[in-house]
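Okay, so chain A shows up in both of these, paired with chain B first and chain C after.
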Partner chain A sequence: MKLHPILAALRKHKAGTVLISLQIALTLAIVCNAIFIIGQRIERVNRPTGLDESNLFLVTQQWVGAPSADTADGVEKLDAMQREDLAALRNLPGVTSVAPINSLPLLNSSWTGSMSHDPGAKLGGNDNTRTAYYFTDDQALDTLGLKLVAGRAFTAGDVQHQGFRDQPPRPIAIITKALADKLFPNGGAVGKVIYSDGSNAPTTIIGVVERMQTPASGSWGNDFAWYSTLIPTRLDANFARYAVRTRPGQLDTAMRAVTPLLYKVNPLRVLDDDSVRPFSEIRAKAYRADVGMAILMGVICLILVAVTAAGIVGLTSFWVGQRHRQIGVRRALGARKIDILHYFQIENLLIAGIGVLLGIALAIALNLWLMTRYEMTRLPVSYVLVGVLAMLVIGQAAVFVPARRASNVPPVSATRAA
Partner chain B sequence: MLAYYLDLALRSLKRNKALTALMVLAIALGIGASMTTLTVLHVLSGDPLPGRSGTLYYPQIDPRDNSGQLPGVEPPEQVTLTDGLNLLHAGRADRQALMTGGSVPIQPDSSAVDPFYVESRYTTADFFPMFGTRFRYGRGWNAADDEAKAREVVINGELNERLFGGADSVGRNLRIADASFRIVGVLDDWEPNPHFYDLNTGSYGRAEQVFVPLQTALDLKMEHNGSNDCWGRGAGGVGRIYPSESCVWLQFWVQLDSSSKAADYQQFLVNYSQEQKALGRFAKAPNVRLRNVMQWLAHERVVPDDVRLQTGLAFGFLLVCLVNTVGLMLAKFMRRAGDLGVRRALGASKRSLFGQLLVESGVIGVVGGVGGLLLAGLGLWVVRQRPSSYAALAHLDGTMLLTTFALALGSTLLAGMLPAWRACQVPPALQLKSN
Partner chain C sequence: MLKMTHLSKVYRTEVVETYALRDFNIDVKEGEFVAVTGPSGSGKTTFLTIAGLLETFTGGEYHLDGVEVSNLNDNARSKIRNEKIGFIFQAFNLIPDLNVFDNIEVPLRYRGMKSAERKQRIMDSLERVGLASRAKHYPAELSGGQQQRVAIARALAGSPRLLLADEPTGNLDTQMARGVMELLEEIHRDGATIVMVTHDPELAARAQRNVHIIDGQVVDLAEEPRFHAVKAGNRE
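Moving on, here comes the complex of A and B:
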């Protein structure tokens, strides 16, 4: 099949050719970038927190008329109330372990600070590494299902307590592997000393856990998403959070039992509908917007591709109708059906080829523009290549029906008026 | 003439039903998607107080220490209690109010109703006249009540409905957080969106139900919600534990009726910062900002990036749909070159042919526009079902309705322009001969 007659015919339909190429180019540019955004969102949503997320729930509660956490006496009273709650929860049937904790990954309520190699480091200095603190106790690793990769876990003797606003020294901590690698690139973090939040009191790293995400799910937390620090301290305030792990299959039963149980321990408190939540709900809430955006973009991409395919079908159908007689002449002169079919397929390949070349340029330009305005990374070449291939295949699929109709034009139509 | 063209257009559209449907559907989908996202963007980036927002300013000063701060950084987004009260008492603006948010338990007298928590705002008196809140009954309190820590409260219409069945409740008592308050005013429906005066408690759909004088709330240690930014050894700010002095946690708003007053006020903020530095309270050189409402909302990037991205995507989609329509119309008009040649030969001018073809694309535009409007309605309904904070606000208003139609008709006429022009260029004789 020679290209010459196809090019000659296309030259007669310049405007149509340009328009359909342009449409393919725009579709490619938009769909490539949209799929890239969808891919990024899905990657974010699917990253593991490092927790064993099943059979885990969180209790958030607040005491009414609680003593002040600003006095030593008040702190002791609050701590006693908290220990009372913990004991009651730990005795609940189906519950395997319970840990007090100020937040959980993806909860979007974080206590952040900084870690430094030197004592008394200024906040915001160069040596500082940002981290998110989890204040908890010796049952934290079991309750959250964290994997210890070096050193040891907290023991009951390690656990301290403090008022919410106090800043006592933090003698020991467990950090994540990501944070350990950042602070001590040569390894061997266990046993080393660091200084937290510009303090002069040393903190010894006693253990390293494989992975634990910080509470921030938004993009502002991306820089330190894996830099978590566990401190064996119960925080005493007029509110408390407890992470609870249950035996498999007993999550619902245990969750239902929590509210009446805590009211029985101490009725002077507020527990509402949101107070007892499974971790799956915390995850779903944190990523709701990302999932919604991915679905919306996916739907628009699908419709966009459908419109473009329909446009190709429509335009080619017109051309087939317009060239009815010419096709008949070619057939009468000996062209086979398959030759006619190939003619339209190659014509479409040419048009789509011009379209995707233009589309690659547009896709990259659009990506660069998006990078200047939004948090976006460079579009990987693989996305563009897959997009190009997909557009060519869609073009061929769309052209097939009208091309088949063209190939069925009988040679006798050459003798009839158009 | 128009009737004749319409008749021709309808005949022509009927001849190719599948193609007509495809063009109408493409336009409708493009318009529907663009208008849905544009309406959301329009609602979210709207002016919360039209007519007033230009004279309302949000002063920012920088009381932080020098540790780790680079020059040129923005001052904190709120003020400390000391600075807030200093600026309030200086009274250099036409009106000024210091405020923060929280939540309080309402304890109705009748034992039939359980206590419940509502969002509250602790503010000084100018809040009401400055923001132009409409009152259904009564009025706000005055500056003297502020200082006297008066047990007075303004409630909104929703709470008044819930507690008093919508009756005039001014003068009645209400138990809030274990203290008795006298209701002095009931607001009409007043819910500025975005919630510009305190973006920390959520940007949209977050109107408070209870307004308490700031000094009264501080005195009673009512529960505080919102953002606390601390430096140095500052800490606290959960529930009834108020943040310490090196924390910013209150919002201070001023009304300045002219731009010269705004310039004067900015100078006043610089002088105040210098004065505080001399006193040893501030560590840095004066670092002040004075933005009006819309500037403040733009600076805070209130409109979510995702919403902008969606709007961009939808307009890209509309563009593809239009290119699609142009291509299809071109093919269609060129196919009709024969008919057009006959009309030209019978004496129709190029202009009247052009008009006829534009009417045909206009018909597609109108039908596509109606379809787009229906789809936009459906799209907004879907948006309202979503759990985002702004979901309930997504409604088409009159402006957006007109914009939809203008967009649909304008874009299809534009799309019809090139094909119609091309089709008119056909020399009549050639067409007659070839047939």
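Moving on, here comes the complex of A and C:
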């Protein structure tokens, strides 16, 4: 390795060397952390909710002039209207099952509460585990495509109904495996009793589903993203939501048929353009900010890398021009074209090497700062290593064209006037 | 050592062809000290660049140390330049970023020589030109004469078969030029083959033999009365 003369030459060009090294260092530090954040966002955006998303759509509708849910009579009437809608939807061609439901994963409209092992537990106490409730019926598991891993599903006889603001006892529930593991780390959640929202009324866990995300898509919901509880209860109010599962390939047809069907059942209702939405749209809306941020950071990374590569090309081109005669002298003294090419490549490797060493320290420092100021986790070493490798490769790619131009300087240049 | 036969060098543009050398013939024997003279634009430097394999030629033959060089590729030409030819340029052509030691080391590194041998050769050649104490100095810290001595040391370090000097004293004052010329004469006495291009008749006269070029051709000075005054004789 002919490092000594290259280092000696670099010492004579400190300004350019330091500037490009710093540029490489900053790029590495920013790009490593940005790619890590992008990776986390992409991981978040792509995590499965546990639902059969591709064949699922949601209907949100509101009755006009509906009875009040504050009276027992009104609740009964509203429930009858809801059951009428459900029956009509379940008969729709292409539909396999329908369940009333107060919300869906990622809908950002949630009913959250807490679960405790003890009756009357103080809300917010240490024994409370936060959860999101899904009020639904016996078709919920089939409609949502949830996988039961222990216990049993709801039966028609389990299903109750209540006014929207009522808080009757919840005798049974199905919870997610994540919540079951949290509440009962030693397993055997089925058959166990828990107490919801500080209530003294016991709730028996009758089943455990593999996975179901809560409606919260924002970072505030990260701590309990998989702690969902299904209650076999239809909520009665002047509005209702229905989750509809179709046969594969029947989603669009079924969605188009919903609005005229429901108007036919009862024209006194409001159904607008957003009332019938496929789950894919709910997912896209929930993660729009994450995807936008990932794209923005990706573009910034590309610009940074491009600017750094351009800097390397510019500096090397300048040095090639500046050393034109010197290159001719080297050629005259016996350097082959490949020797000149290698000279500039090794020179770049040294500059990039200084840059990436500094960049590693900066990347770690930036990550530590982000960890203390924002909800950032520790930057994995693999990101830094890949970043280092990428910067070295980018440096070599950027230097190649000017270095090849240098290698083509003819030896006779040594005899020409400077 | 160096033999060119009917050699030509043509520079072509879209509209014109210029003959820098035409039917050029020269034969330099091993151990000779030949001065090549001629007016500006006569082709002296073109001859030297072709002799040093810095440039290719258009026609004819060129044998260097018994090897016909016209068909050699770039790598082979680089190898010959590195191993068989030592260059001394008018502008010294030292690399300003490197100190004296590193400058002399440049061609030795391209030869792939081991560190210990490189160091020995560098110090020997610096001793020979009287600059051993300046090994760590940079070119800018030396006088013109000292820089040219470093360039000579660089040329000598590789033990070349042929030393090509292009106006070696052209950038030096009289005293420094005399010192450099004495050094070249000493190197010649030690057995080196030297071809020196110069426009200075006094320097040319100190060479063993003169070759005069006019319009890209070697001319016989005996047939050119106006050059009788500078014709090289058997001065030694």
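Note that in this section the second predicted complex is superposed on the first by the 417 of 418 C-alpha atoms of A that agree within 3 Å, B and C clash if a C-alpha of one lies under 4 Å from a C-alpha of the other, contacts with A are read in each partner's own complex, and residues count from 1 in each chain.
By definition in this document, contacts are C-beta pairs under 8 Å (C-beta built on N, C-alpha and C of every residue); 3 or more make two chains touch, one makes a residue touch a chain.
Everything numeric here is computed off the predicted structure, so don't read it as measured data.
Participant: Return fit or clash for chain B versus chain C, each positioned on chain A through the superposition.
Facilitator: When both complexes are placed onto chain A, chain B and chain C end up side by side without any clash.
Participant: Is A:Gln160 contacted by the first partner chain B, the second partner chain C, both or neither?
Facilitator: neither
Participant: Mind working out whether A:Thr415 is in touch with chain B, chain C, both or neither, as first, second, both or neither?
Facilitator: The second partner, chain C, only.
Participant: Tell me which partner A:Arg288 touches in the superposition: chain B (first), chain C (second), both or neither.
Facilitator: A:Arg288: touches chain B, not chain C.
Participant: Answer with first, second, both or neither: which of chain B and chain C does A:Ala8 touch in the superposed model?
Facilitator: Only chain C is touched by A:Ala8; chain B is not.
Participant: Who wins on chain A residues touched, chain B or chain C?
Facilitator: The partner with more contacted residues on chain A is B.
Participant: For A:Gly16, using the defined touch cut-off, is the partner it touches chain B, chain C, both, or neither? Pick first, second, both or neither.
Facilitator: In the superposition, A:Gly16 contacts chain B only.
Participant: With the two complexes superposed on chain A, say which partner A:Lys337 touches: chain B (first), chain C (second), both, or neither.
Facilitator: The second partner, chain C, only.
Participant: In the superposed arrangement, does A:Leu315 touch chain B (first), chain C (second), both or neither?
Facilitator: first
Participant: After the superposition, just quote the angle formed at chain A by chain B and chain C, using C-alpha centres and rounding to the nearest 10°.
Facilitator: 90
Participant: Minimum C-alpha distance between chain B and chain C after superposition, to be given in whole Å.
Facilitator: Between chain B and chain C, the shortest C-alpha distance works out to 9 Å.
Participant: Do any residues of chain A touch both chain B and chain C, and if so, which are they?
Facilitator: 417-418
Participant: Under the definition above, what is the set of chain C residues touching chain A in their complex?
Facilitator: Within the complex, chain C touches chain A at residues 45, 48-49, 52-55, 74-75, 78-79, 81-83, 87, 89, 91, 93, 95-99, 102, 105-107, 109-111, 154, 166.
Participant: So in the complex, the part of chain A that touches chain C is made up of which residues?
Facilitator: Against chain C, the touching part of chain A is residues 2, 4-5, 8-9, 11-13, 325-326, 329-337, 339, 410-412, 414-415, 417-418.
Participant: In their shared complex, at which residues does chain A touch chain B?
Facilitator: 15-16, 19-20, 22-23, 26-27, 29-30, 34, 37, 62, 68-70, 122-125, 128, 164-165, 167, 237-239, 270, 288-289, 292-293, 296-297, 300, 303-304, 307-308, 310-311, 314-315, 317-319, 321-322, 370, 374-375, 417-418
Participant: Looking at the complex, which residues from chain B come into contact with chain A?
Facilitator: 18-19, 22, 26, 29, 33, 67-69, 117, 231, 233, 235-236, 238-241, 244, 304-306, 308-310, 313-314, 316-317, 319-321, 323-324, 326-328, 330-332, 334-335, 386-388, 418, 422, 435
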